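Dropping the structures in below, format is structure tokens.
In the two assemblies presented below, subunit A is common to both, partnered first by subunit B and then by subunit C.
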Partner chain A sequence: MRTEEETMKLITNRFLDCNVKKLRPQNLEAKVPESITIDILSHLKSHGYSHLATISCVDWIDDNEFELAYHLFSYEDRINITIQTRIDREKAKYITAKELWPVAQFYERDIHDFFGVEFEGNDNLEELILENWNHTPPMRKDFDTRKFVNEQYEWRDYHEQENAD
Partner chain B sequence: MNKKMQTEIFFGPNFPGVPGNYGISYNFQGDTVVEAEPNAGHLHRGFEKLMEQRIWIKNTALVCRICVMEPDINEMAYAMGFEAIGNLEIPERAKYIRSIILELARIQAHLFSIGGNCGAIGLYTASHTGTLARDYLLDLFEEITGGRVYHIYNRPGGVRKDISDETFQKILDTIDELEKERMPEFDHLIFENPVAQKRWKNIAVLSQEKALEMGVTGPAIRATGLPYDVRKLMPYAAYDKVNFEVPTGSNGDAWDRLVIKRDEIFQSINIIRQLIKNIPDGPVNLDLGNGLKYKVPAGSAYVKIESARGEFGYYMVSDGGLKPYRVHVRGSSNPVGLYGVVAELPGTRIEDVPVWAHSLDVCPPEFDR
Partner chain C sequence: MDGTYKRGSWEEVMDWFRKRSLWMLHYCTGCGAIELPPTMTSRYDMGRFGISPMATPRQADLLLVTGYLSTKTLRRLIYTYEQMQDPKFVIGFGSCAINGGMYWDSYNTIKQLDKYLPVDLYIAGCMPRPEAILDGFLELRDRIESGKADGYKKYKKNFEYYQKNQEAVLGEVQRTQ
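For the complex of A and B:
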């Protein structure tokens, strides 16, 4: 069983340019460069961090970047690590984690639906939740729900009900 | 295999064996599934987008609607995320009350789930009995929080109001009755029923390797023999102050999962008794000032708690503003409901599909947020 500090060393000893910090007991957060994220995931997986809870995506529109967050957990160490990586927002493309966790293909499909991020190597990125969507991906920050509704639907006028009695 | 011999069937949301607003497209060879593809999206309500547009406190009333069966779990995870980013330590009494509420919520979810499993094999009497037993707990929730299904009770910083000693007594009476009267009834009707056993044993088997690889949690992973429970692995609320066991199975089939749920009801009853006996006095929430002006420092947190179905996670990001920057919900049945259908369902017989879906607790609202 490793402590938080030992787990931090597990990453930083091998991957020098990672910023790992302890948020709370049993919770770590690692900001890692895009180029080595998959290597780190695979390294951690082979050291007991085999539970991938989910993959999250955050739209940092001001930085013109998407953040992908992989939530890993080790049942032996009882430590949760969030691996955060930033990718370019214009060319939203990343590598799939499907080879490491087959279940990731569905998390990636979900992110593709809602953020429009492509995952290289994931051959099935068909629409999962949405259907026939040809607008901006809805979870992006520049997608305005109110504007979308006004464009797509007509407002009905409100009339007092006549002859109510 | 001869393609001509295959039949395509779509099990839509109206199909009796599908757990909720969700569809699965199948290819059957005879009565065995050859291919299956989940068809989600029937229930999408855009909760995550909505949360970004509402101030922190308003989301408390929203998150509980994500999953009908687990309203308290969602409220709790949201509140825990808020407290984790803001580095808040809630009062001791609030922690105990939260645990009591979460255990009551676990019992009601398990009762409903056992009832649902019986419905899946045609034992409708038991599904009504389950719903009836659950209703007594909903009465308690109404008394404690004012709401039967959605409680809006766990708010950031603690709980909304205190529980009186009379209400604690009522909780104890209700769980006593559940233990002494309702559960033996269930045992006679379901767990000692050879016909029901035959429909669950060695059906919908999920191996330990597969469960670990898929990231399955909750009763489904415990049925394969691994005592993994977030309450023990990463204790939250007051779970580090109570003694309880984590029931496990050995075969990983539908029967083991059901027996685990039954045993967990008894464990929860035991936990509630310990908590009510040892509950400290004091305030039940932190004073965070004006609710409309809550601000959370910039940062992010992934919090997880053990729901009746497994790990329920919230990834919350704040940019220091009045509204959450991003909230991502990880439902406990996400891996089985989507990937599991593609990877695990082929080879199952048509009549076992509802048993598979119900015993693995596929809950569409969790991935159709």
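For the complex of A and C:
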């Protein structure tokens, strides 16, 4: 069983330019460059961090970047690690993690639904949650929900009777 | 009733029977699904009004839409409704079915259920308590007896209106019948 410090060393010994931080007991956060994220995931997987809880995405529209966060957990160490990486927002393209965890395919489909990020190597990125969506992906910050709702749906007219008279 | 059609006495007798034996299919989309178990079980006991749950759409008379509907669920709801046999009644639960409720500005939930399916009765509340639900059921019984709960006839008569609204949010809708 590793402590948090030993796990931090596990990453930084191999990958020098990683910024690993301890948030609270049993919770680590690593901000890593885009180019070595898959290597780090693979490295951690082979050292006990075998559970990929989810992949999440954040739209940092001011920085023009998407942040992908891979949430890993080790059953031996009982430590959560979040591997965060930033990718270009315009290109919105990254590499799939499905070779490491087959379940990543579904998380990536989900992110593709809601943020429009493409994952190279993932051959099944069809709609998972949404249906027949041809607008901006809805979780992007530049998607104007209110405007979309006004165009797509009609509000109930509560003054129908008054107007009729 | 629209004047041109007069209910015969046979119809009246049938309605009298219908109102006393309602099999309900509860389409548990939102939090209304939580209010139904107490309504069904011994404390409020809807069984004393002849209302019981039914497992399949083809054998049910009453469709309960218990909360918000995303567009994806709406498609399945339409399939379910069209599989049910006449006479069939729809009850919309809570403010979500009436005007979107707390999901009023959500990109993916419909705002007015009655534009897509003929709703016989709305029960207001967020969510309605079992007392309100039972009150709604009793009101529906009265409407069935007096022949006012004719949503399924309206659906056939105004099918183009409903189809237009459905296809505006869903794209093509497969018809099961």
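Operating definition for what follows: the second predicted complex is superposed on the first by the 156 of 165 C-alpha atoms of A that agree within 3 Å, B and C clash if a C-alpha of one lies under 4 Å from a C-alpha of the other, contacts with A are read in each partner's own complex, and residues count from 1 in each chain.
By our rule, contacts are C-beta pairs under 8 Å (C-beta built on N, C-alpha and C of every residue); 3 or more make two chains touch, one makes a residue touch a chain.
All values derive from a computational prediction rather than experimental measurement.
When the shared chain is aligned, no partner comes close enough to touch A:Lys91: not subunit B, not subunit C.
When the two structures are aligned on the shared chain, A:Glu154 is found in touch with subunit C, with no touch to subunit B. In the superposition on chain A, contact of A:Ala53 is made with subunit B only, not with subunit C. In the superposed model, A:Asn132 lies in contact with subunit C only, and not with subunit B.
When the two structures are aligned on the shared chain, A:Thr145 is found in touch with subunit B and with subunit C. With both complexes superposed, B is the one of subunit B and subunit C in contact with more subunit A residues.
Of the two partner chains, subunit B is the only one that A:Asn80 touches; subunit C does not reach it. Of the two partner chains placed around the shared chain by superposition, subunit B is the only one that A:Asn27 touches, whereas subunit C remains out of contact.
Residues 129-131, 138, 145 of subunit A are contacted both by subunit B in one complex and by subunit C in the other. If you check the complex, the residues on subunit C that touch subunit A are 71-72, 75, 98-100, 104-108, 110-112, 115, 169-171.
Interface residues of subunit A, counted against subunit C in their complex, comprise 129-132, 138, 143, 145-146, 148-149, 152-156. Within the complex, the subunit A residues that touch subunit B are 23-24, 26-27, 29, 50-54, 56-59, 69, 71, 75, 78, 80, 82, 84, 101-103, 105-107, 110, 114, 127-131, 138-139, 145. Residue ranges of subunit B in contact with subunit A, taken from their complex: 40-41, 44, 46, 48-49, 53, 84, 212-215, 226, 228, 233-234, 299-302, 304, 311, 313, 315, 317, 325-326, 328, 330, 334-335, 338-339, 343, 367-368.
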